[in-house]
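In the two complexes that follow, chain A is the common piece, with chain B as its partner first and chain C second.
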Partner chain A sequence: MKVRTSLIWAVAAVIAGFFVLLGYFIDHMVIHNLRLVLIRWAVLLAAVALFLGLFNLLSVHWSKVSEQLTGWPYSAILILAFLVTLILGLVFGPDNQVSLGLFNYIQLPIEASLLALLAVSLAVAGFRLVSRRRDLFSLVFVGTALLVLLGTGPWLTGGESSFYILVGQVRNWLVQVWASGGARGIVLGVALGAVLTGLRILLAVDRPYGD
Partner chain B sequence: MISFDFLGIAVLLLFLGLLIGFAAFGHRWPMVLRPLRGFDELNTAIERAVEAGERVHLSLGTGSVIGSDSAPALAGLAMLSRIATATTMSDKPVVVTAGDGAMALLAQDTLRAAYERAKAGERFQPISGRMLGPTPFSYVASLPILISTEDVSVHLLAGSFGAEGALAADFGERQEAFVLAGTDDAQSQALLYVTAEHPLIGEEVFAGGAYLNVGPFHLASLRTQDMVRVLIVALILIGTILSTLGVNL
Partner chain C sequence: MTELSIIDLLGTIVAAILTVMVLSYLIKDNFLFRFAVYLFIGAASGYAGSIAWHNVLKPGLIDPFFTQGLAGILDSSSILTLIVPWLLVISLLLRISPLTSRYSSLSLALLVGVGAAVVVGGAVTGTLIPQTRASMESLSPAMEAPATGETGFERVINVLIMLVGTVSTLSYFRFSTRRTPSGRADLSPFMEWVSIVGRLFIAVTFGVMYAGALSATIVILAERLQFLWTAVSSLFTGS
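For the complex of A and B:
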C-alpha cells in the first residue's frame, strides 16, 4: 500500500511537470490553459506551505522555550515578536501605519545593518583567504578585487592623473573581457546543471517529495 | 492553431537521450571524477561530526520551490538523502533549514524517506527540517544561533543565495565548522569563494549527488553536462570563425 502511495505522488509530479514543460515548446490553447492551472495550483500550495513553514518555525522555538534549551531567550523573543506582528497585522491590516511602522522602523533597519555587516565580513574574509588559502587563484582573486576597487572609486589625488586613467582602463578591460567571459561560462554551466536537475525530477529519479 | 518549437524539443530530446543513455550504459566506460577538495573531505567531516556528537547542518538557501532559483536547492536535497542516511544513528542527526516553507516541507519528506530506508523511521523528528525566516536576511539572522546552540560542526550551503550567502558561510567559519558552499548565482559564488573554506564554483553545486554516490543518474548527469558543454563550445567557436570570415548566418 505504501509503495502505491509513493507511486501516486511520483506519477502526479511527473505528469504535472511534463505538461508545464510541454507548454514551453508547444503553443496550443489546451496545453497553455492546463499549464496556467497547474502553475496557479503550485502558487496556492506554496502559500499553504508558507503557513506550514511559519507553524514549523513556531513549534521549533516553542519546544526550545518549553525545554529551556540553550539560547531559549532568543526563541522567546522570536515568539513574542511573531505574535505581536501577527496580531497587529490581523487587527490593523498590512497597509496600516502601525504595520508599516513595524516594517520601516524595525525590520528594514535591521536588514540594512546586516547588509552593512556584510562589507566588514567580506574585508575580514579577504584577509583570511590570503592567510589561509595561499595559492595562485586566491592571490589572483584578491589582486583583481583590489584593482577593480581602485579603478571604480574616486581617489583623494583627483581623477586627472595618467596613472588613475590607466588603472581605470585596466579595470574596464578586466570587467568587460575577463570577468564578463568568466561569468558567462559559469552561467552556462549552472544552466546545464539546473536543466539536468529538473530532468532527474521529471523522470522521478530524484523524488524530494518522498520515496 | 498549434505551433511547435522544434529546436527546443530537439534540445530537450538530446538532453533526455544522453541522460538515459549514460545512466543505462555508462558503466561500460569507467568514469573518473575531477578531484574536488570539498566533496573529498565531506565524508570524513561528517564521520568526525557523528563520532564527536556534533551536528551536520544543510542550508537550502533562500529561494522558493516555485521560483526559477529552486534548482540548486533541489540538488541539495539529492545530497541530503545521502547525508541523512550517514547521520541517522547519531545523537544529533542532520538538521536542514530553508527560507521557504515548501522547501522545508520537501526537506522533511527527504529526511523521512532517508530514515525509513535506514530502518530508523522512529528516530525521524519533523523539526529537523525547518523554515528559519521568510526573507533572505531574516533567514541569515537566525543562522548564528542555530550554529552555536545546535553544536554544528559541518555547515553545508546548497541552494539559492544572494549577498546574504556570504554571511551564511561566514557564520559557519566563525564557529570553526567545515564549510562547503555552492549556489547558482555567479556574483554570490564570488562572495562564497572568499568566505567559505570549500567554495563550489560554477555547476559544482549540482555535482554533489555524483560525488556522494547517490545513483547512476547523477553520474550520467555529469557526463551529459560535459557532452553538451563541448557541443556548445564547438558551436561558439564555429560561429566566431564564420563571423570573422564575414559569413552571416
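For the complex of A and C:
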C-alpha cells in the first residue's frame, strides 16, 4: 500500500506540536527536554525561513532592476541598502559601531518619521470616517476618541476649570471601565481565534506545509 | 573636531535629510519619499538578517564545529543538537528552487507544528487563563478598584459595565454560525442585540486606542520637528 507523503508530514507536525503543547501543562523531565529540542529546531528553521524570505525579496527586486521595470531605481536602492547593511552586519556584528551607526542614522530616523506621518494619516482617516460613514458606531468611535483626546492633553485655558476636571474624570471612566471591558473581550476573542487556528493545524485539518 | 564628532555630524545631517524626505509625503507622494522608504526596507531587512545570523544561526549551527571539534561532532549526543538541525536546515533551503521545494515539507511541517503548539500554549497560558482570572477578580464588587479606587454602589455599576462589555464583545466574535441565504449570520433576536452592544463596546475601545495612537504619533511628529530644528540650528551656529 502506498502511503501518501502528505500524511507523513502531517504526522510529523502533529507529533512535534503535541509534545511542545504537552510541555506547557505537564512538568516532566523527558517532555521538558524534548520540548526544548523541538523549539530549538523550530527557532533555527525560523531563522533560515527569514533568510529565504530575504532571498525572495532580493530576487524580486533584482528581476525588477534587470528587466528595468517601472520603479527599478528604487529597487536598486533597496538592494544596495540591503547588501551593505547585511554584509557590514555579518562582518562586524549587529552591535558594532558601524552597524549601530547605520541603524541610528538611517533606520531610526526613517522609522520615526514614518510614525510621525501616521499622526496625519490617522487624523485624515478620522475626518473621513465622520464625513463618509455617519452611523451609530462611527459616532461612538469618534465621540470617544475626542473625549479621550480632550481629557488627555493640556488646555489653553488651563487645568483649573471644573469642566476640564469633569472631562478628565469622564475620560478616566471611559478608559478604565468601558474600554477595559471591551479590550478584555477583544483579547479573549483573539486568543480563542488563535487557539482555534492552532488546533486546526495540530489536528491536521489545515496543512499549510504542502505535500 | 574629533573623528567621532565628524561621524556624528555627518550622521545627523543624513538623518535630517532622510527625515525631510519622509515628511515630504505630507505635500504629495514623491520620489524623495519613495527613495527613503526603499532605503529603509533594504536597511531594515539587512539588519534583521545580520541579527538572525549572529544570534541564532551562527551559535546554533556554526560555532559548535569550532567549540566541540571533530570528536564532539561525531559523538552520539550531537545527533539531536547538531546533525538533525543541519539536515532540517538543508532540507528547508531546498525551498529556494521549485524543482526541489517538495523535499522541504518535513522541515516546514515541524516548523508549523511547533509554531502552532507555541501559539496554542501561549494563548491558553498567557491570555485565556490570566485574562479570565483577572476578569473574575475584578468583577468582585467587594474588591476595591486598583486604578480608580472606587467602592460600594459605584463599584457595582462599573463591574456590571465591564462584565457586559467583556461578554458582549466576546459574543461578537463568532467562529461558527449558520448563515442565512443572504450571507448574514443567522442569530436569535437576543444574540443580535448582544452583538450590537458588543459592537458599541468595540467602538468605544477602538476610539480609546485611536486616541492613544494619535497622541503618541503627534508626540513623535513633534520630536521629529524638534530634531530638525536642532540639527539645522546646530549646523548654522556650530554648537
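Methods note: the second predicted complex is superposed on the first by the 203 of 211 C-alpha atoms of A that agree within 3 Å, B and C clash if a C-alpha of one lies under 4 Å from a C-alpha of the other, contacts with A are read in each partner's own complex, and residues count from 1 in each chain.
FYI, a contact is a pair of C-beta atoms (placed from the backbone, for glycine too) under 8 Å apart; a residue touches a chain by one contact, two chains touch by 3 or more.
Keep in mind the model is a prediction, meaning the values are calculated, not measured.
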item: Chain B versus chain C as contact partner of A:G89, first or second or both or neither; value: second
item: Contacts of A:R128 with chain B and chain C, given as first, second, both or neither; value: first
item: Touched partner set for A:V167, first chain B, second chain C, both or neither; value: neither
item: Per-residue touch tally on chain A - higher for chain B or for chain C; value: C
item: First (chain B), second (chain C), both or neither touched by A:L57; value: both
item: First (chain B), second (chain C), both or neither touched by A:I79; value: second
item: Touched partner set for A:V205, first chain B, second chain C, both or neither; value: first
item: Chain B versus chain C as contact partner of A:H28, first or second or both or neither; value: first
item: Chain B versus chain C as contact partner of A:V65, first or second or both or neither; value: neither
item: Interface residues of chain A shared between complexes with chain B and chain C; value: 21, 24-25, 39, 42-43, 45-46, 49-52, 54, 57, 71, 74, 107, 110-111, 114-115, 117-118, 122, 126, 141, 183, 185-190, 192-199, 201, 208-211
item: Residue ranges of chain C touching chain A (in the complex, touch as defined); value: 7, 10-12, 14-16, 18-19, 22-23, 25-26, 34-57, 60-61, 80-81, 84-85, 88-89, 92-93, 95-96, 101-102, 105-125, 127-128, 131-132, 134-135, 145, 147-148, 158, 161-170, 172-173, 175, 198-215, 217-218, 220-221, 223-224, 227
item: Contact footprint of chain B on chain A as seen in their complex; value: 21, 24-28, 39, 42-43, 45-46, 49-54, 56-57, 59-60, 63, 69-71, 74, 107, 110-111, 114-115, 117-118, 121-122, 124-126, 128-129, 132, 141, 183, 185-190, 192-201, 203, 205-211
item: Chain A residues within the chain C interface of the complex; value: 5-6, 8-10, 12-21, 23-25, 37-52, 54-55, 57, 71, 74-75, 77-90, 93-94, 99, 101-120, 122-123, 126, 136-138, 140-146, 148-149, 152-153, 172-199, 201-202, 208-211
item: Of all residues in chain B, those that touch chain A in their complex; value: 1-5, 8-9, 12, 15-16, 19-20, 64-66, 71-72, 74-75, 77-78, 98, 100-102, 104-106, 109-110, 112-113, 116-117, 126-127, 129-135, 137-138, 140-141, 145, 148-149, 163-164, 166-167, 170, 173, 184, 186, 189, 191, 193-195, 197, 201-203, 205-207, 209, 215, 217-218, 221, 224-225, 228-229, 232
